[in-house]
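Same chain, two partners: chain A is paired with chain B first, then with chain C.
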Partner chain A sequence: MIARVLLRIVAWAVMTYLVLPLVVIIGASLTATSYLAFPPQGLTLDWYGRMLADTSYVAAFGTSTALALAATAGAVLLALPAALAIARHDFPGKRTLLSLLMSPLVLPHVVLGAALLQYCAALGLMRSFAALLVGHVVIVTPFVLRSVLPQLTPEQRALEEASADLGARPFETFLLVVLPQIRGGLTSGAIFAFISSWINVELSIFNTTAELTTIPVKLFNYVQYTIDPVIAAVSSITIAVAAFTIVLLDLTVGLHVLSKRR
Partner chain B sequence: MTAALTGDPAVAPAAPPPTALRRALPLLAAPVAFFVAFFAVPMVVVLSSSLMAGGAPSLANYARVLLDQYHWDVLAVTFRIAALTTLAVTLLGYPLAYYLVRVVSSNALRRSCVILLLLPLFTSNIVRSFGWMILLGRNGLVNDTLVGVGLLERPVRFLGTETGIVIGLVYILLPFIVLAVGNALATVDPTLEEASADLGSSPFTTFWTVTFPLCLPGLIAGVIMVFTLAASAYVTPALLSGGKITVFPMLIFQQYSTVFDVHYGGALSITLLVFTLVLVALAGRIGNGGGNRS
Partner chain C sequence: MLPALLSIRDLGKRFGGFHALKGVSLEVEHGEFIALLGPSGCGKTTLLRCIAGFLTPDSGDIRIGGDSVTRLPPHRRPLNTVFQNYALFPHMSVLDNIAYGPRRHGVPRGEAAERAAQALHLVGLEALGARYPRELSGGQQQRVALARAVVNRPKLLLLDEPLSALDMKLRKRMQIELKHLQEKLGIAFVFVTHDQEEAMSMADRIVVMNRGLIEQVGSGTAVYATPATRFVAEFIGEANLLPGAADGDGGLRLAFGTAAVPHPCPHPGPWPDIDAGQSRTGVLRPEHLELLDRADEPGFLTERGIVEDVINTGGQTLVMVRVGDALLASRRLGMPGAGLGRGTQVVVGFRPEHLHVVVGEPAP
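On to the complex of A and B.
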């Protein structure tokens, strides 16, 4: 019984620890003081107004969103055929290929970012949107692959064969039989891909410039020199985007984590 | 996840391999070409640059990295922080995962907790570290509280210490371990635990002989992920070190962003990569041993 009480205390302490910094940021963004204060002293939305008035923040939000959407689209276009090939064909070197496609998950992003900076410089793409995009596609593709692969089951394969036997062309089979079955995995993979791109700093930082920058990189460069409530306001917006994304995930495919229905 | 798909005769068609490859090729062309062009080749470029000095093949860059005591000191700090972070994350995350999966009976409560668990995971490292910059400051909430309740006589310095970096990294990586352990725990059949209890085991014995071994693969996957992410973290140490502590990824960043020495920077990158992969492989081997025993 004592163990149970202890477990409960530890669990709630850890939950508090998880939520505390986010609450502090949102609170500090509302302070009426010109320095960061938590609990906030007075309440104002001035800092959000300042953020919107600064076109560089708005531009960075735009770049981040465009980059994350493009990277997700790219990842889906690469991961979907790769998943079909891996699940449906027993070709030599399959395990190696799967390892290659999944390895960006464990590779230090700083190393990949540096590699892409040097490589894109040689290609004349240094510090361009294209350079950012290819890197983001590489790091988010594993998320889509990881969530689509388990849904391409052998039972699913029988349906595809039936569809082919009934005269459907491969593309029709894909559209009418495969896609509806993997929609859940594809959606959650794409959402994870989007958010991983949206929050990335370690890869982006190498190929961004003062003009072409994503919101996390801009925050990073700013936070190292000045800390003011505008930063807290921008941060709060990103927390809101995260919350929105989670709700979207919950409403579309459901949060099937930590539960037996998997 | 991959076990069900690789080498499973039910999935594999009976066709001879060359035909299978020919049929898979149209599907594989784009992903393989992309990953070769923008992942494999850039990594090879880094490797080959690191093996060149003064226009000729040479190991001079590696000598510069490995013969300098400073680099070993930085590596030691980096991996010490990563190890402490992994340990703390496991000790904090495991009970939370167990609590959420096995103790919480209300689905609504579990769901709210999952949302709160994902929220930091979906928020940038910058934003999360920034929160800790506010909290850990000299007059931040943490110091104020500790002094207020009398645990400390005067505020202590967290920013610019390894403790501060570990607190920040633990925060960032905690959700990974909770999800890894929790998902493993959710697939463990509770009747196994009931059987153990029926046979007279105490809850403690049941946990260590039934539940823990069954969740071990999930725990190991989470631990490996957390360790590699902690060892390669750049943002959190950069923000919470206050310029006083250097970790290895900072050295790499400096070489590429300010000095632009791709040869020396390449050697640093490959060094971090090799050290991380070797430690991960070791952890994986130990983990597999543990998995087989269970």
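On to the complex of A and C.
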């Protein structure tokens, strides 16, 4: 009984600790002062208006969203076949391939960003959306791979064999048995991928221009010269996007897929 | 003549340095119940997986109804499998699990559901169609797996130790049910098991495997009464193994008891190709070794021994008798009699016609 009460207290303390900064940011975005103030002094949506009036912010949101979606799709298309091949087959260089695909998790993204800049300059793709996309796919693929691989267990393999045994062609087995079974891992991997792309500064900053920029890079550049509640407004929007993603996920496939382990 | 339902010729399979199958040949007729029996690592599961198509053999050929299927992927082979842990699709209801097979063969949704319901009825679970596999007991999952495997009406059903996860009582009941179902449907069963009792009680023919080879194929009675090799003799049931040697005239000199006191043993069946001195092993089942009143009992080969243990196994008594270097087992019906205990001097003996002889020496 006491343990349960303690657990609740700790859980709420952690929740508060995690959520408080968000409350501060959202609160500060509503202040009527021209500097960041919390608790807000007066209430206004002016700063949101200011942000929306600035087309460069709107464009940056567009770039970030398109980039995160495309990078996530690319990561899923790369990581899913890779995970299936690694889990199902023995081939020379398998461990090397896996290490290579996972390496962006441990390599500094600054280094990857600089390397990407040089490489794309040589190809004539310097600071283009394509260059950004390639970089983001590389850094978010490990998230999908890491969450899908543990789901391809021997038990899962037996299900695939049962499916083939009952007459399903390989693609039918993939659609009807593999995908439903790894849905949880795939979804959580994709969310991690989306969010890592959405918040990335280090890699993006080398490959963006004044016209082509992402929200985190834009914020990063902006705060070096100015600090006003527009920052808070932009941050609040990013928080809202993340929250919206989670709610959307819950409404469509259900949040339980994130915790379900077979 | 019609080709056999399943014909396996000279199948070989290696896993790296491990030789799992070393040239296995076997024919299975329509409606037959075959048990593949052997210790773990003997190749029985590898053989089953080659037939199902989950493994490709390195050499040899597998034919079903006369057509080679060796190179066909699993989904194009005309057979079904019951998997060891059932492999039911957890994200589908019981009925959807069973309808999965017909649906993949192009049967319309409504008819597939109907067939699934029939198959479910067959295994006595018609009320559970809407449940999910995780809501079922082990025995129920087993039945669903069975229904799912027979709903396509295959001519050949492979079963990979399907009862091994059940407790003993349920296993016994499922053995009987499975046998009845097999007879009712007329489907040929190839049943992998390491449980010899299971094989004996269910199968028309038992295929005893060891180290990637078939040691013997025969009815339960045949492999028990006339084991082809020493391995079969030891693996199927209990056996007293008596070392012996050929006498060169088609007979056998048997060391029953101490090696110093050999008895001549006229073995039925001539052994003309045996050179004198070649080693043989006499196989004597415990129920054929009797405790006798006197050493000159007519028609018996006898020895004196000392009782080491009397084990009551419920309805049967096992008496372990030390004869020379050997510890022999004698089994008889009924409770242990009074006056028989550790250290009792007894006379044991058997009728020579009960002795079965195989090639080779007994294992040390």
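Keep this in mind: the second predicted complex is superposed on the first by the 224 of 262 C-alpha atoms of A that agree within 3 Å, B and C clash if a C-alpha of one lies under 4 Å from a C-alpha of the other, contacts with A are read in each partner's own complex, and residues count from 1 in each chain.
Everything that follows uses one rule, which is that a residue touches a chain if its C-beta (ideal position, glycine included) is under 8 Å from a C-beta of that chain, and two chains touch if they have at least 3 such contacts.
Just so it is clear, the structure is predicted and the values come from calculations on it, not from any experiment.
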Which of chain B and chain C A:Gly49 touches, first, second, both or neither: neither
Which superposed partner A:Pro180 touches (first chain B, second chain C, both, neither): second
Greater residue coverage of chain A in the superposed arrangement, chain B or chain C: B
Contacts of A:Phe206 with chain B and chain C, given as first, second, both or neither: first
First (chain B), second (chain C), both or neither touched by A:Asp165: second
First (chain B), second (chain C), both or neither touched by A:Leu98: first
Touching partner for A:Gly62 - first (chain B), second (chain C), both, neither: neither
Touched partner set for A:Ala243, first chain B, second chain C, both or neither: first
Touched partner set for A:Val110, first chain B, second chain C, both or neither: first
First, second, both or neither for A:Ala85, with chain B first and chain C second: first
Common interface residues of chain A - those touching chain B in one complex and chain C in the other: 262
In the complex with chain C, residue positions of chain A that touch it: 155, 158-159, 161-170, 172-173, 176-177, 180-181, 262
Partner chain B, residues of chain A touching it in the complex: 3-4, 7-8, 10-11, 14-15, 17-22, 24-25, 28, 36, 38, 77-79, 81-82, 84-92, 94-95, 97-98, 100-101, 104-119, 122, 134-135, 137-138, 141, 146, 149-150, 152-154, 157, 195, 198-202, 205-206, 215-216, 219-220, 223-224, 227, 231-232, 235, 238-239, 242-243, 245-247, 249-250, 255, 257-260, 262
Of chain B, residues touching chain A in the complex: 1-2, 4-8, 10-13, 15, 17, 20-21, 23-24, 26-28, 30-32, 34-35, 38-43, 45-46, 49, 92-93, 95-101, 103, 107, 110-111, 113-120, 122-128, 130-135, 140-141, 171, 174-175, 179, 182-183, 185-187, 203-204, 224-225, 228, 231-235, 238-239, 249, 252-253, 255-257, 262, 265-266, 269, 272-273, 276-277, 280
Residues of chain C defined as touching chain A within the complex: 52-54, 73-75, 80-81, 83, 85, 87-91, 100-101, 104-105, 148-149, 152
